[in-house]
């Protein structure tokens, strides 16, 4: 029997009080694709970073091709033939592709030789694996798909025969993802070993040979992909039976609450993020916006929430919003009945170093209820906070705990409680269940649907197609700052939405990946 | 869970840092062939051993409270105002103009106007760096450093031209009698307490009020809430409808004004005329004070008194021994180094120790849901 | 102002620009590697002191130079310890270093020499002597070019020429060598360098060490080339002007040379003329002296092109929160 | 127990403060066992604390150096009626203050003559410290003397700055000197406190002559030091200490000039090769004329103008 390409034994790792990995064991056979699946925060990235020498494990042993290997730093991992494409790319933005590839793998103290040698090798590699990139382009001018190729080339250039990819498809369209998987198949045929991290069941089922499941820092199971089902994996992931659909009544839309006409946004560095968006949301309706991350959906929420200026015409309940002037801030939006659950609760929705009660007033701190003369009425805020914490079942129910000391799901409950309890006319929600466990997901979904049923308008942004499909009453697909089309959830499927997400509107025809790639490259070229 | 209990964060760590700084200072004293314990005794005695010592200690402390609060409030908005020196210089110009322009009948009338003058001028000097930081992202540390130099050039220019009093020295005319602030000796003398002749004056009370006012502002008003929120996360601030430009400007204006207020103590209270170099590094001491005081007004007050004692004790040290006054600068540098820059050296082992200590009693490290 | 005056001013500018240039390039290495350094001033000062002190004690300026560099390196390592190893605030560490230098120099000077915080006057072998460039004598008769070469360019001490040569050297190291590539990368994205298998900490320490050497040269030139002894606080804000020049130069070596020469020129002019009489009004000397600072603020304000510092500058590299 | 407050620049400035320090040291030697209090000023704003501290400690008289103490002493002296103060270079009109002023213009006149006679280029120069009337007084006397010895001589004068920092900026002093030398000067007179060290150094580096000030600085660069315009601050301090010890300190204004050897020209083994018989004779003659009142050197501070030099 051949030795496993990788074997980990008893790996544990803590970050301060958080134990990210607990006594983990795993074996991966050479020439296979091994999937690792688990919820957000399960410890997948941590485990792989340990294998790549980025973090140091507290305890445990690593065996590479049967030999016990110390991996104190990434240098050692590279020497052992391991390459890793991180979830957040590790590229130097203002260097060229070539410079990024030779960085750390130069031969000789002078650059000239290394660069020309790399150029030839790069040409070979890119032809061999269909990984075309312009070696002289600056990273900051490339789209994410291209950047990912650079990362893969970086690993191949270092002659990695064990390749780790951490959530490589999070930023890709379904078609791009398919292209990536074909590349991985090719690499596998060459005899390389691949570890693929994801939390998407479909990808696991389609591409891997074996799969390990992680939950809360522990490895709960390793199975052959052919011998399992998505349902089983899902249960292993969350530790109990899961419900994959949301229960809800059909919508009964009323008059229009939000109307957006030709909305445009240019960001700080002059890039057009929204190129003229028009849409509307009615009372008693949830409009879902889906798209690959980075196509303008975040900016859409931010403009509507008053966090950045824009151009165009937006009305709420028939009254126009000020998009650029003195009134284009989040404070004014709240007064106009718009509540906003931001995409990033830790960076935006909460002040992590504030107490829970302080966070309950966040954004509404100028509310008359919270004032006492020129001072703030902290007692009133605390009273309100306690009520909300009780109603939304935030645990622990302690308003003197700092936000950072709550778990992700409970942090999200605090934000949801604050925003929903304002009884807004329009609710903007971004990624409501990112990093939240299934139990909390159900609760949060119920709350959103309840708000809709109370006759309010909801604009939902999510990168999870499942969430969009199950929660929305209407779906708009965004690509490169434009709305590609609207569909009813009952009349569409993932394939059609995926093509729209890649900017292809004639969804009836067949489309090759190259075509999609070209379309995307064209779009990013314009954006850059 | 916070990694450290609050008391360790606000008291234990600064204390360990301070002790480290003092140990190294003692080594320096020993290295130049003096007895560190004797030096310490002289300093302590000189600083707090008499009403004379206390007077000077609190006089210096008053300066440091103002500059320390200035740095502290900026820290709350995550702004590093290293321009206290220049803002205080401009404040001194404001105070001097107030005291020179009007024949004040009584200090009680002069003081509020001088506070306004010093505050406004100090704030004005912070305004441009603040504006550039807020709207153009120019690093406030660099711009405020530059403004320190520009302030000092401006003062030199004015003191050899428009404001120069007759005579050779580059200084302004004496302020009018009516702008003289009562000293501690005069105030306490009136109620029959004998206090040495020192420049400590009613500005000390103003400084205490400033501490209290700043505490109120930061933790009891909407503005303070917004400043703190902005300091923790500017993205979140925008989400909450807090205007970053506005908060940056307001915070820096308050910060500059506080630094400028130092002049009512130093210029109006002691020198009673405008000198070219009247801040004497207090703007920089403010950094050490704010760091040690963990940017809390009470902490700033305690740290300022400590530094006041250090300055007064250091002056005595120079009288009594051959240790030059620069010893104070060394101690100050070490305090900044240990409390500010080398904080992690103490903090991370301590965090680990607390973590281990907490893990032991069987319960898991993280609260269950 | 005639041509001869101009030559004299240029001569003086080059001399005055040299300490700025060393310090500016020092800052360039450090900041390109992502370690901000407002402690240039302190390192210049400590090196000025140890250069002068050791030169005075041994009579050898070369030993003085070594001592100056060594002392500046020690301070660099303190900065490295604080900002790289213990991940402290780089700005605060810089402030502390400036104070430490201001205090320690006088303290030690007083202990060693008892001359009120200065060193004895240096003479003979304890100072750098001027070097005549080849053909200076022969060319001095040539109109226009002659005086420029013979009087302004020739006749400086060796460190001036070392300083000028450091500029192309810096450029070459940064943009043509492996070390330079890694150094620039670590200032932009240390995570990329780390995962590429290069030790971030060691790289940053190397940059900080180079910064120490160059600051050492700056201080040494100040005390043994420009002046002939150490006096209290003799760096007189040069570290900050160098920082200003660095921003002015947008972290690029050739531009740094230009910026330092410009600021040297401003100093030379303000030395020479107590005020500048423009027919309509008079520019006070104080303004000329403050001009480098004012120009830097203007640059920072983005009126003359934007100065974008290295992206990871000022932040410690933290892997685990 | 007398007290001495050394001014900014420090007691080893090789010039003004050092002269005072030497006077105090001489007094200690001559009255063996006697002691005095001494402190050095660290900054402009601490004058008052230092002065008061000295008086509180019981020093009597308290000697302060330099005109910059004027306005502070004006405030402090009345608070300590039992203490006598002595101020050098400035007149403070208080009953318990002795004000010592020097006739610097007279001494400068003599070194000006020597400079003009030693010059081969016909250009001599002057580097002052802080631009104040006191220093212009030096420059003006110097120019008058130079013109007297050689009516065609050109005199270049520069000041280091306008603030007290100008007393302690050797680098700038050196740069100014180089610039003057490039303009043809071959004798440079420095009246600039600590800055002068840089002036003398630069002159020596360029191989030209220099003239020191206050203390005898001839020893600094033998062969390049033409002479020094000594201002006997040491004698002033010595006399004040002695008089006070005997309880005879006179308050009011004391003028130290050529007639009572308050100012003069330094001659020693370091400059004897540079000074010609002819120079000696001319200087001696002028000296006699000034003392006798036959020759009057214009004092810049008397009317803020100078007949021989424009600033």
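First chain written, first letter: the chains are A, B, C and D, and each begins at residue 1.
The working rule: a contact is a pair of C-beta atoms (placed from the backbone, for glycine too) under 8 Å apart; a residue touches a chain by one contact, two chains touch by 3 or more.
Remember, predicted model here, so these are calculated numbers, not experimental data.
**Student:** Hey, how far apart are chain A and chain D in touch steps, shortest way?
**Tutor:** Contact-graph shortest path, chain A to chain D, evaluates to 2.
**Student:** Nearest whole angstrom, what separates the Cα centre of chain A from the Cα centre of chain B?
**Tutor:** For chain A versus chain B, the centre distance works out to 45 Å.
**Student:** Using mean CA coordinates as chain centres, what's the chain C-chain D distance in Å?
**Tutor:** From the centre of chain C to the centre of chain D is 36 Å.
**Student:** Averaging over Cα atoms per chain, report the distance between chain B and chain C in Å.
**Tutor:** 30
**Student:** For chain B and chain D, what's the span in angstrom between their mean Cα positions?
**Tutor:** Roughly 40 Å separates the two chain centres.
**Student:** Where in chain D do residues touch at least two different other chains?
**Tutor:** Chain D, residues with two or more chain partners: 40, 131, 162.
**Student:** Would you mind listing the residues of chain B that make contact with two or more other chains?
**Tutor:** 156
**Student:** At least two partner chains per residue is the criterion; list those residues in chain A.
**Tutor:** Touching at least two other chains: 16.
**Student:** Touching pairs of chains, which are they?
**Tutor:** A-B, A-C, B-C, B-D, C-D
**Student:** Quick check on the complex: what are the chain D residues that touch chain B?
**Tutor:** 39-40, 42-46, 48-49, 52-53, 56-57, 67-68, 70-71, 75, 79, 90, 131-134, 162-164
**Student:** Touching residues of chain A toward chain C in the complex: what are they?
**Tutor:** 15-16, 52, 54-55, 73-75, 77-78, 84, 86, 90-95, 99-100, 102-106, 108-112, 114, 154, 158
**Student:** Going by the contact rule at the top, pick out the chain B residues touching chain C in the complex.
**Tutor:** Residues 28, 31-33, 80, 82, 128-129, 132, 136, 138-139, 141-143, 145-147, 149-150, 153-154, 156-157, 161, 284, 287, 291, 322-324, 326-334, 336-337, 340-345, 348 of chain B touch chain C in their complex.
**Student:** Could you please specify the touching residues of chain B with respect to chain A in the complex?
**Tutor:** My answer: residues 1-3, 216, 220-222, 225-226, 228-229, 232-233, 235-236, 238-243, 351, 355, 365-367, 369.
**Student:** Considering only the defined contacts, which chain C positions touch chain B in the complex?
**Tutor:** Residue list for chain C touching chain B: 38, 78, 81-83, 86-93, 95-100, 102-104, 106-108, 110-111, 117, 237, 240, 243-244, 247, 284, 286-287, 289-290, 293-294, 296-297, 300-302, 309.
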